[in-house]
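These are the structures, in structure tokens.
Next, two complexes with subunit A in common: one pairs it with subunit B, the other with subunit C.
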Partner chain A sequence: MTSPLLEIGDVVVDLPGRGTVLRDITLAMASGESLGLVGESGAGKSMLARAVAGLLPAGAARLGTIRFDGAPLSRSRTGRDGARRRLGMVFQDARAHLDPRQRIGDFLLETTPRRARPARLPEVLALLDRVGLAEPRRLLDRYPDQLSGGMLQRIMIASVVLADPALVLADEPTTALDVTTQAEVVAILDELRRERGTGLLFISHDLDLAAQLCDRIAVLYAGTVQEVAAAGALAADPRHPYTRALFAARPDIERRLPRLPAIAGHPVAAYESGAGCAFAPRCDRAVDACGTALPELVGTEHAVRCLVAAPPAPATRREGVTRC
Partner chain B sequence: MLTVSGLRKEFPGPRGSGTVAVAGLDLHLDRGECLAIVGESGSGKSTTARMIAGLLAPTAGRVVLDGHDVSRPARRRRDRLHRARLLQMVFQDPYASLDPRQSPGDALAEVLALHGVRDRAERTARVRELGEAVGLSARQLESRPAELSGGQRQRVAIARALAPRPPVIVLDEAVSALDVSIQAQVVNLLADVRAATDTAYLFITHDLAVVRQVADRVLVMRAGDVVEQGPVAQVLDRPAAPYTQRLRAAVPPRSDGARPGAVPHQVERNTPPCESS
Partner chain C sequence: MTLALALPAGRSRPRRARGVLGPVGWTALVLVAAMVLLAALAPWLAPYPVDQQDLLHPYAGPSPAHWLGTDATGRDILSRLLWGARTSLGGPALVVALSLAVGLPTGLLAAWRGGLVDAALARVLDVVFAVPGILIAVLAVAVFEPGLTPAVLALAVAYLPYVARTTRAAARAQRDLPYVEALELQGMGGLRICVRHILPNILGVVLAQVPVAFALALVDLASLSFLGLAVQAPAADWGVLISDTSALLQGHPEQAVYAGLAIVTTVVALTFLGDRLTEGRPVARARKEKR
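Let's look at the complex of A and B:
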């Protein structure tokens, strides 16, 4: 990676009254790349998104650096945040981010000066059509509460794309949607990214969905990156016991298992975990040393933060997994 | 055990317009069986569950539970208790259905007292037994709901549903909001409970992978209608209705082994704008 689009270095986030929610986060994304952040409750995936977006809760302390497009990002978003100008955001609940009294057309052209709007209109209409919305001209006169959640999420994506972002940050953009609508929204995100060479930071609790959409996956647990690898390599050869357990615990739509291999205990946040590996209390491979010190994230292409991580699978098995 | 025929629900709208949420549904559930109802939002699956549980009066149709006609919500306390002994419900969000000031143990004891377990020692023994059945420790039974995780709270909700030993439990998206690792625990727990007690489940969900794991038969709903039903293996492996096929195809492929999924691009994308109700 010559010049990363997004570079997150040793980021630690502490929240007032709670404590550490992210620790030692180091991740980089190349321009045009898609990276999936996957984890369960308390993993810190949304907090990491908020750190990048400059939307951390009031009083939060952030250490470390976040660089985007070559410039360091400030801790919180300012009125005219030049550095974050080419960062687009899509959230879980589109409705909550739209003004119910504002027509869709006014929302989409909000940042365009009134004089320049007629010239911009063809582009807006083409884009609405591009995200799969029929009769875009009629749509411009509608209000958010006249539209379904899936349609609003398409409008949010269109509004983000209009700003020509270098990176789109999508935080569980399809979690509130039905599965058929989810498939459509994911297809749109993927197509736009490929057409425009935009980077995509995709946050999800759904490992399969992230693997379907993203080039690489980072698995988070208790505010720490546990494993990062190409999506295909991670699926074929998960090395961290947590990643393995997470893959195994999913019900399989293809076949019924005699029993789901559940993980004992429940996910914890970083501030609830001790000095060592946060997953150690739930890990069936943990040794005494796991409880005393946080292991380093080791590896470049396929990095793992575990003392007892499974060794790489034999090369013969890994050859077939280059992602198409 | 449970027979539903011609179940229908219309919600009146302004100026004589109205919405048909459920357009005449038939189903039966045998003792110890698990029937899943799947569908997306607006399919009518939750409305169906609420009518069967007696939380909502049907516009038409009959619900017969263990030989008793329970088509109308129970009015008298005696009828409500009788019905509660036949059918219990578990919801998606156990936090909203637990009293924040009451310990799980006290909540269970209260349900037992309501259903005729008068002896205090017997209640205590039954609470411990229910706790064990759902994997809650004595300490967790004494804690406040706020101190429990989402999965533990759902265990409390399941224990409470089991307390009157009902032959039927309706589970409305009961595992949908749980983390994957916790969902697996609760899915296993539900299977154990069914094997041990022969309780029948009406399992409302949008998740086809969960259906495969827990259900014997499945009924697919769309916009108030049943579009397909049959044994789980048949419906998931050889879906006949175009809608079931679309639903099945929309689930991201399992990214195991050397087959990472790719985003399919042949999906139907053009949704006409419509006024939401």
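Let's look at the complex of A and C:
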């Protein structure tokens, strides 16, 4: 990794009236890399994406640095730096993120100068066809309320691809879609990304989906990164008790259980967690020390934030350095 | 045994495609157009000059010579109604157009910028709102001279807060909607977002005020004319025709009734027209958060 595409350093986000929602986030992405961000609801996944996009709610305070392509991104949403134009975002609820009074064609071509639009039209139509939308020409005259959620999400993806960004933030792009559409949308996203060498920050609460799509995965809990590793390594050898619990709690068709082993207790937000490890109260391996000090994120290739992290499994040993 | 389930209707009423008025809308459009045409063509349509008196036939009833009769000094009521339509329609239309022209940008600016700009603009609007329109008009006429122009300008100022406050409130609700954030993320400028995206989404709410404001301005201008501050005698105006109390006291309400009918028809037609023009496509609304 020479110069990272996205560099998140010691980012802390405080929301007015709620408190800290993100703590000590340090992550880096190489250009063309795809990083999965997984965690339960309220873990701060979306907030991290919003911090990168500069879309934090009014009054939110952000500490730390977010560098995109070497240049620091401004904190406020009104700050207009050129770098942000090379950032695309696919939202969970495509319908809410489209102007209901604007035709699809106008939406897709809005940032293109009026005179250049006819020349750009074939590209737009080809792209709509690529993302699996039939009769793209007729689609251009439609309004968002005349289309389904899946179609809108495809249009959203097409619009992001049209802008040709260096990094795409995908905030649970498939959560609002049914499973078959979900698979298609993910495949489209992946295909386009690989073709164009775009970086992808994929936010999901679906570990399997993230593991399938991403090169690396970061597991978030209570606003802190608990474990970062290559997707394969994480699936084969989850070291943080939380990651293990997440893997254990997912349904598997080959492994029919009478009841899924849910994680006891409720997820907490960063501001609700005490001095120690945020997961300690729900952790089945917690020791006394877990409640007093927040462990560091240790390791390079496979980093874990845990005092009692499981040692690397001998069979699939990788060059992760874990201090216990 | 069969179980019959009533399928829920998808929409409570069929959504009209944009631009299609429906029978009510068309009727309203025809009425408004007719009023405007009658006013524009008054010099050619009116059977008598507006101020031609016939002192021998005051308060004449309808006759072939005078379709709607005559007033206290024998002037033809139909002619006065036609001539009066010019100021009665033109005056309030100007008032509303001017206050829209200034109020829409003001409201959008306040909502978009927020903070100090918003606070300053909102307080100024509150102050203007607190002063009755008639009072502003009386002041304007006192400073300049009695006539339609100062009265219209003063009323435009007085009606500015209606438009600006409605715009501001509606635009503020749009400001934090996800689609605006998405547009901002695309690097789109505030002016473009306001004009191309927020404005179409709030226009229905703001334009719903127009027929009401038009009617109120019409009545205000009539009051000013009655006080001799706006439309000057012997020129006719619907408001002047209504407020001619001498005729009423003599037991001849005809001209007031005709002028009143003209006002009511115009305002009702405008209301329906505005309603039909602005409905159709759904607009962006805040939705409840999931959590």
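Rule of thumb we're sticking to: the second predicted complex is superposed on the first by the 309 of 324 C-alpha atoms of A that agree within 3 Å, B and C clash if a C-alpha of one lies under 4 Å from a C-alpha of the other, contacts with A are read in each partner's own complex, and residues count from 1 in each chain.
In the analysis below, contacts are C-beta pairs under 8 Å (C-beta built on N, C-alpha and C of every residue); 3 or more make two chains touch, one makes a residue touch a chain.
Keep in mind that this is a model prediction, so the values were computed, not measured.
J.: Touch test for A:89: subunit B only (first), subunit C only (second), both, or neither?
T.: A:89: touches subunit C, not subunit B.
J.: Contacts for A:236 in the overlay, against subunit B (first) and subunit C (second): which applies, first, second, both or neither?
T.: first
J.: I want to verify the contact counts: of subunit B and subunit C, which reaches more residues of subunit A?
T.: In the superposed model, B touches more residues of subunit A.
J.: Between subunit B (first) and subunit C (second), which does A:206 come into contact with in this model arrangement: first, second, both, or neither?
T.: First partner only, subunit B.
J.: Could you look at A:145 and tell me whether it touches subunit B, subunit C, both or neither (first, second, both, neither)?
T.: The answer is both, since A:145 touches subunit B and subunit C.
J.: Figure out whether A:300 sits in contact with subunit B (first) or subunit C (second), or with both, or with neither.
T.: Once the two structures are laid over each other on A, A:300 reaches no partner at all.
J.: Based on the superposed arrangement, let me know which partner A:132 touches: subunit B (first), subunit C (second), both, or neither?
T.: first
J.: Intersection of subunit A residues contacting subunit B with those contacting subunit C?
T.: The overlap between the subunit B and subunit C interfaces on subunit A comprises residues 41, 145.
J.: Mind listing the subunit A positions that touch subunit B in their complex?
T.: 40-41, 132-135, 138-139, 142, 145-148, 150-151, 178-184, 186-188, 190-191, 205-209, 211-213, 231-232, 235-236, 245-247, 249-257, 259-264, 266-267, 282, 317, 320-321, 323-324
J.: With touch defined as at the start, can you tell me which subunit B residues reach subunit A in the complex?
T.: Against subunit A, subunit B makes touches at 40-41, 149-152, 179-185, 187-188, 191, 206-210, 212-213, 232, 236, 246-265, 267-276.
J.: Within their complex, state which residues of subunit A touch subunit C.
T.: 41-42, 53-55, 58, 77, 80, 84-85, 87, 89, 91, 93, 96-102, 110-111, 143, 145, 163
J.: Within their complex, state which residues of subunit C touch subunit A.
T.: Residues 176-179, 181-189, 196-197, 200-201, 281-284, 287, 291 of subunit C touch subunit A in their complex.
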